[in-house]
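Here you go, one structure.
The first chain written gets the first letter, and so on, giving A, B, C, D, E and F; residue counts start at 1 in each chain.
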Amino acid sequence: MNQLDVVTFGETMVLLNPEEMLPLEYVHRFQKQIGGAESNVAIGLCRLGHSVGWFSRLGDDPFGRFVLRFIRGEGVDTSRCSFTDQAPHSLLFKEKLSPTNINVYYYRKQGATSLLTPDDLDEEYIAGAKLLHLTGITPALSASCRETVFAAIEMAKCHGVKIVFDPNLRLKLWSEQEAKTTLLAIAEQADYILPGLDEGQFLTGEQMPEKVAAALRQKDPMKTVIIKLGSKGSFYQDQTGSNYVSGFPAPQVVDPIGAGDGFAAGVISGILRGESWEQALRRGNAVGAIVVGANGDVEGLPTESVVEQMLRGEHATQDVKR
Amino acid sequence: MNQLDVVTFGETMVLLNPEEMLPLEYVHRFQKQIGGAESNVAIGLCRLGHSVGWFSRLGDDPFGRFVLRFIRGEGVDTSRCSFTDQAPHSLLFKEKLSPTNINVYYYRKQGATSLLTPDDLDEEYIAGAKLLHLTGITPALSASCRETVFAAIEMAKCHGVKIVFDPNLRLKLWSEQEAKTTLLAIAEQADYILPGLDEGQFLTGEQMPEKVAAALRQKDPMKTVIIKLGSKGSFYQDQTGSNYVSGFPAPQVVDPIGAGDGFAAGVISGILRGESWEQALRRGNAVGAIVVGANGDVEGLPTESVVEQMLRGEHATQDVKR
Amino acid sequence: MNQLDVVTFGETMVLLNPEEMLPLEYVHRFQKQIGGAESNVAIGLCRLGHSVGWFSRLGDDPFGRFVLRFIRGEGVDTSRCSFTDQAPHSLLFKEKLSPTNINVYYYRKQGATSLLTPDDLDEEYIAGAKLLHLTGITPALSASCRETVFAAIEMAKCHGVKIVFDPNLRLKLWSEQEAKTTLLAIAEQADYILPGLDEGQFLTGEQMPEKVAAALRQKDPMKTVIIKLGSKGSFYQDQTGSNYVSGFPAPQVVDPIGAGDGFAAGVISGILRGESWEQALRRGNAVGAIVVGANGDVEGLPTESVVEQMLRGEHATQDVKR
Amino acid sequence: MNQLDVVTFGETMVLLNPEEMLPLEYVHRFQKQIGGAESNVAIGLCRLGHSVGWFSRLGDDPFGRFVLRFIRGEGVDTSRCSFTDQAPHSLLFKEKLSPTNINVYYYRKQGATSLLTPDDLDEEYIAGAKLLHLTGITPALSASCRETVFAAIEMAKCHGVKIVFDPNLRLKLWSEQEAKTTLLAIAEQADYILPGLDEGQFLTGEQMPEKVAAALRQKDPMKTVIIKLGSKGSFYQDQTGSNYVSGFPAPQVVDPIGAGDGFAAGVISGILRGESWEQALRRGNAVGAIVVGANGDVEGLPTESVVEQMLRGEHATQDVKR
Amino acid sequence: MNQLDVVTFGETMVLLNPEEMLPLEYVHRFQKQIGGAESNVAIGLCRLGHSVGWFSRLGDDPFGRFVLRFIRGEGVDTSRCSFTDQAPHSLLFKEKLSPTNINVYYYRKQGATSLLTPDDLDEEYIAGAKLLHLTGITPALSASCRETVFAAIEMAKCHGVKIVFDPNLRLKLWSEQEAKTTLLAIAEQADYILPGLDEGQFLTGEQMPEKVAAALRQKDPMKTVIIKLGSKGSFYQDQTGSNYVSGFPAPQVVDPIGAGDGFAAGVISGILRGESWEQALRRGNAVGAIVVGANGDVEGLPTESVVEQMLRGEHATQDVKR
Amino acid sequence: MNQLDVVTFGETMVLLNPEEMLPLEYVHRFQKQIGGAESNVAIGLCRLGHSVGWFSRLGDDPFGRFVLRFIRGEGVDTSRCSFTDQAPHSLLFKEKLSPTNINVYYYRKQGATSLLTPDDLDEEYIAGAKLLHLTGITPALSASCRETVFAAIEMAKCHGVKIVFDPNLRLKLWSEQEAKTTLLAIAEQADYILPGLDEGQFLTGEQMPEKVAAALRQKDPMKTVIIKLGSKGSFYQDQTGSNYVSGFPAPQVVDPIGAGDGFAAGVISGILRGESWEQALRRGNAVGAIVVGANGDVEGLPTESVVEQMLRGEHATQDVKR
């Protein structure tokens, strides 16, 4: 088996995207795409030249097959995916009321991925990776999903695989109390934690990035906390110090969704390259900025050469090239 | 309160209809419509000139609102509908592999309508109707839905409201055993039973229409059984006798879905008009044939003048009228 | 008969909306919607929790039926509508050259609604309302429409029903002279007049809101004049005084059409709630601002809870809610 | 000025074609095309290699400009067209209930073309043609259109230009009595009359093609009557004799509209080539059969080489050519 | 490296499919899909449970990337594909004039795949396969493609890999003489030849399947010739004998394209399963019949369970399953 | 033959425009339009009231026919166009990554127009024009196209027809060296040269408009150089002097493509009207600004009355006109 750079897992839904910017009840047509934080990161890393495995329990129906085809087509290793006919594949409807006023409606309660159990984990597969990527969405899906996350953490720990954790708070899926307890328990085990500032505040009760990071590192000062600050850039803190890394001058915002996942892919790519935190966060900021300037969660994820252009300051939104 | 001719209730889903005749996983675009047997009958009866009430528990979300708007727009009384934010409104995806090879995929487990309870029944509303229309789909949605159906039956019985029952067997929703027991229990209470031949065979174990009808009427010979025979027409049996009523020469089949509901609307209209069974079944056959020759469950339901043309033998599929 | 809060009537056209922002001659596809100032107000009031009746003479054709289905679906009482086969239902094509450069093309000359006559008025229906809403479009459609407007005014006066009048100047439908004479005659009878500033200037020859209002109130100081000032807000003047009520900080303008009708619905809702003029105009400003920030004349009309949020200053254009 | 083979004139509407086979009130999207019998014939003749002029009074609006662009693009001489801002350009909606059950809805009352007057005729232009083509639609549009038709006939007669007349009965536009009187008056002046059998029966009261033709030729035996018999072919009668010319074995009917205009183009092409009536009718039958086997009034009109293939019996509906 | 069941290579174009059944010049919208005989067979085999590798030289542009994503998504091994920026990825436009009258237009002259050279071959990769699948399209693309085909044959021969050859005559790409010479030279090397009857006739000059097969086997009686006979089924001849295997009763033809590739996938699957020729051809006939009854070259390719149903005679085109 | 104001020639491609703002590999649907600098200018001049001839060698396929129909429909004289079946008609795909980040992909290598030769030139046709318009695209298509350009120049010179030259540098079609040499050679022959500033800098090595113009006029001071400066306006220099003419206050940029061609049409119109350079450049600036504020290369080209409004400062982007 080829060793993979990163392994991740979670739920990727079929996304039904309205063709019209109207309240959903007035929309006539929808387009089928996919939506899932972990697969966004997996595809982002593939495009940046890394080898990535993503797995899930998929509905044994047209929508589960579509999700598999899409992610496999992107070059992600999907060999550990399994199908179930015990539940339908989950759905997600977007509602665009204005360019920036967006809602989502889920059909994901008791969906196929909620049936993931620790038995779905291939220990050898995880052991062979350099990094395990986890989000705070998966434990919110079901009790067995929560167990699966902690079982995977144990496997990673056991084999010296570093853990990257992105809290991805989803309050439509569980209560604040459940979320806080579980996310903190995962964060405690993680080597790298990548919250947004609001998520960090929610988890720690602190306001300033420095305090948020310190709180998350309190029990284990060896870990690194990287905080997303939106268009302002990002911040890190580890045992050697801390710093703010400013964002790229914002191009026109075309689609804000997926920026956090793009940032995560950029930072993880930096980690895999052995970059300094300043470099890695700058890479994360670059990917996030590019994703924000293009449509689609996945479609706008840049290749390595585009990111390098951006890092060299050459990424201009140009006129027609012909 | 205006007295209504017919009251019915049940689940009407948002139907997502593929724009392409392909396996669903390859379809890019879907159109939003509605799908529900009881609302089909309600709209069909409205179009034939009757006053009809339909109610349901709807999702307090854009899809529940869309269903309400659509059915209310058709002129059905929806004043007894209620909304819930405890469950999303149910969905239905159609898959067209060829003009006649069609699948459906449900997102209706624990949907909004499954939360209907006997408390949702307005006794005065039911008491004021001439007929109560029930299908065998509603009791398959949840235990509380089943109770609601039987509570409605009791109210109808109590106030002398006649009951029309269309079994509408849905084996994706419950086991054969559960279905059989419950549908027979409802059939026992109904004044008019409208099974398809295959449904009648399933319920009674008999093969021939005469035997099926006799079995369903065994405990209560006062009831009428009307059996749908597809393009061949239909059959009735009551205490006064029985007869086959032949179908209309089939026009080109454009869309087979909804024909049974159209037939039911036609027969119920005949009952309300005080027609003989031969007349009422001929009316049902006419509506069914017209629905089969047009697209859409609801869109193809004819107005009274179109049915009268058909009954007079004047309904030709003509060339361009200009 | 249930008493209604508001009764209104007028022409609602089928709107054919181009799918492409191009000169109309280069557009390939159109979407069917509806367009009509009075039905916008009626639907807006329904959504704010009021009971409203709207009636019209509709084409006895698919387009007339579509208009009826749409408005009835929204919960407006349409029981007084009638159909005619003497004229086709009117059409309206929009042309979008740029986001703010929009033209309309009418096919409404001698359309179905122009055949409205005083005989279409149900005096009891009007008498049962708290308010009668009129626009300056209806009298521009035909002589018999003009007579119908004045007959309705007489009925309202006779039964103590207050009259709200929105001039809605449409110079594509009649000459400046005709318009001025007729609109002033209606304004004279109205209890509440809601012109835009440019309309008020056209009718009175005055420039400043104070002078415009005073001129319109000259013969009858008991009436209230409310002047729309676009994004700046609005102004009122009645016998007790006058005031400017500033608008809400403008969100991104998504679609300017329908804002005036939304404002009217908000103000009328305030009147029905017995609010002060400051409160009612603030409510109108809120509804107008929300409509401007969403697509569609009708689709963007807010529910009461959304308006309350706006009035409490909580209506932010947020990021994705998930 | 180049001499043209044929000159024709009349109304070409913008056709709004539903994207869905549903009752029009349920259709969401329409595509813009054109529809007009005279321009169909003009384009058909162009494609067969002849030089043709078509003129009309067009709306000075996007729809009038679209019609001009479309017809001019096909290579028809449109130099004699004029625009008016006194009336909008006419529209036509198609409604497809099933593949063969089609309705049309007109917005053509008092449209731009109805304002055509004899002053729009360029005598030199008509005098320079070999044939003048007229239909029975134009005189139904308005009194001035009727005068224009008769003025054109007079000019043609005066300059020895032969007249081809296709009755094209449109009972949505005028009464049977008006239609009959006027069409017979035009037929009397025509050198070649091309009715469908039902039109010929309507005009003469006779049933059989022979009798219909004889009746139309009664006053002037020098004229030729050519009767369309649908898929069966066609029939002619002139002073030298008469004959049935059988149709081509019918391919699958894809779209029946426009077949009559295609037939007319084929026959006129035969006349211009100096063919025998058997040859010319066979050519007309071929064009009609090809049009019936393809979508679109205009789009399916064949080029000369395709017609020649058909006439040689080589026009097979083949499988994929690659 | 995993051993693969089958390796194939060739050109897969981006297919631009018209949304309207009209002459291409009148079509407004196109949908992007893929088209390629070898990838059809590769995907068909994957869906039947085999491991397959497909490779090509792809354009280093969005269209080349799309083709890779699509085929990789289906589960085909694409690890040997390479990209070139020396030529654009090839395109294919379909034109549908009627359901059965279809044309194709190529933009494939000097496309990316024409730059394939023997250096693109990975000998170990081919050596590891059980079968090498070749078509007669690849050698038609360029001289270097032709050399590549023969170099691959040599590698296969050298390592005992059996060769399956489907002539796939494309006379739009080369002259009859070139085609005949080259295809016969490949056929000579192949172990299994799968021509259509017309292709076999073209290559051998014989008419009857028996004679065609005998001629192709003349120099090497050890090879098997399998001839496609359309809806009638197929025929084989090898050293042990020959037989006709009848086709499946034809369902409604929905889309004839791709049937030959489906047949090839079915037969190759039979070979890999060690079935008798009767069994393998029956399997091929089944896959072909299923493909013909569904839309899309690739989308309609069945999974193994669907084929088994068909082979057991249970594949009925059913009504709605719900 | 009518004398034409302007004759031009070159390649007009079929443009396939994505319906979604996504990387091209993720786009599902494309719309067919046309794209070509010379035909843009020709159509722009037609719309401004001039008579224009455009010719080309077109593919004898649906795409070539579409291009002819489109341009002829606009009123351009296309009588000198010819068709070839030796090469397909060229294609152009647009890719919109964001509103201002646009790429193009060509399928134009060895397309039909590259087969133009001097034999395609009709000397009498060119001689009859007042101006010959040339771009630097045509000589980049092939050696024979280059010869054709110089042969046309010679004809124009011979008959005293003035030459307008727009360099239109396309570095995807030829090397910088080839481009520079050839474009300078054409510029040397031209009476009016209309480069963008970047093009002028490329050709002369100078930076400032004054220097660029002087360099281009060095050998022949009688010629005029007009330099496009984008939204800033334009600059001219001739033997009488030089000046900057400022641009119109920029409306919202809707689509930047085609602005240069619109500017050229405006300036040429000014030349034909005998305007001063200040007037002509102001006219060019006006057309360019209007084109930038509307969608489509061709669709946004204004009529004369719209330009006159703009020149009078009355062209406001207004609200809805109704």
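Please note the rule applied: contacts are C-beta pairs under 8 Å (C-beta built on N, C-alpha and C of every residue); 3 or more make two chains touch, one makes a residue touch a chain.
The shown structure was predicted, so the numbers you read here are calculated from the model rather than taken from an experiment.
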Cα-superposition angle relating the copies subunit E and subunit B, to nearest 5°: 120
Selected interface, E-F versus B-D, where C-beta contact pairs are more numerous: E-F
Gap in Å, rounded to a whole number, between the CA centres of subunit C and subunit B: 40
Inter-centroid spacing, subunit E versus subunit D (mean Cα positions, whole Å): 47
Chain centre separation (subunit A, subunit D; CA means) in Å: 64
Shared-contact residues (touching 2 or more other chains) in subunit E: 23, 26, 28, 31, 69
Residue ranges of subunit A in contact with subunit B within the complex: 16, 19, 23-32, 61-63, 65-66, 69, 88, 91, 95, 105-107, 109-110
Subunit A residues within the subunit C interface of the complex: 20-23, 26, 28, 97-104, 170, 172, 256-257
Subunit D-touching residues of subunit F, taken from the complex the two chains share: 68-70, 72-75
Residues on subunit B engaged by subunit D in the complex (per definition of touch): 31, 251-252, 254, 293-296, 299-300, 317-322
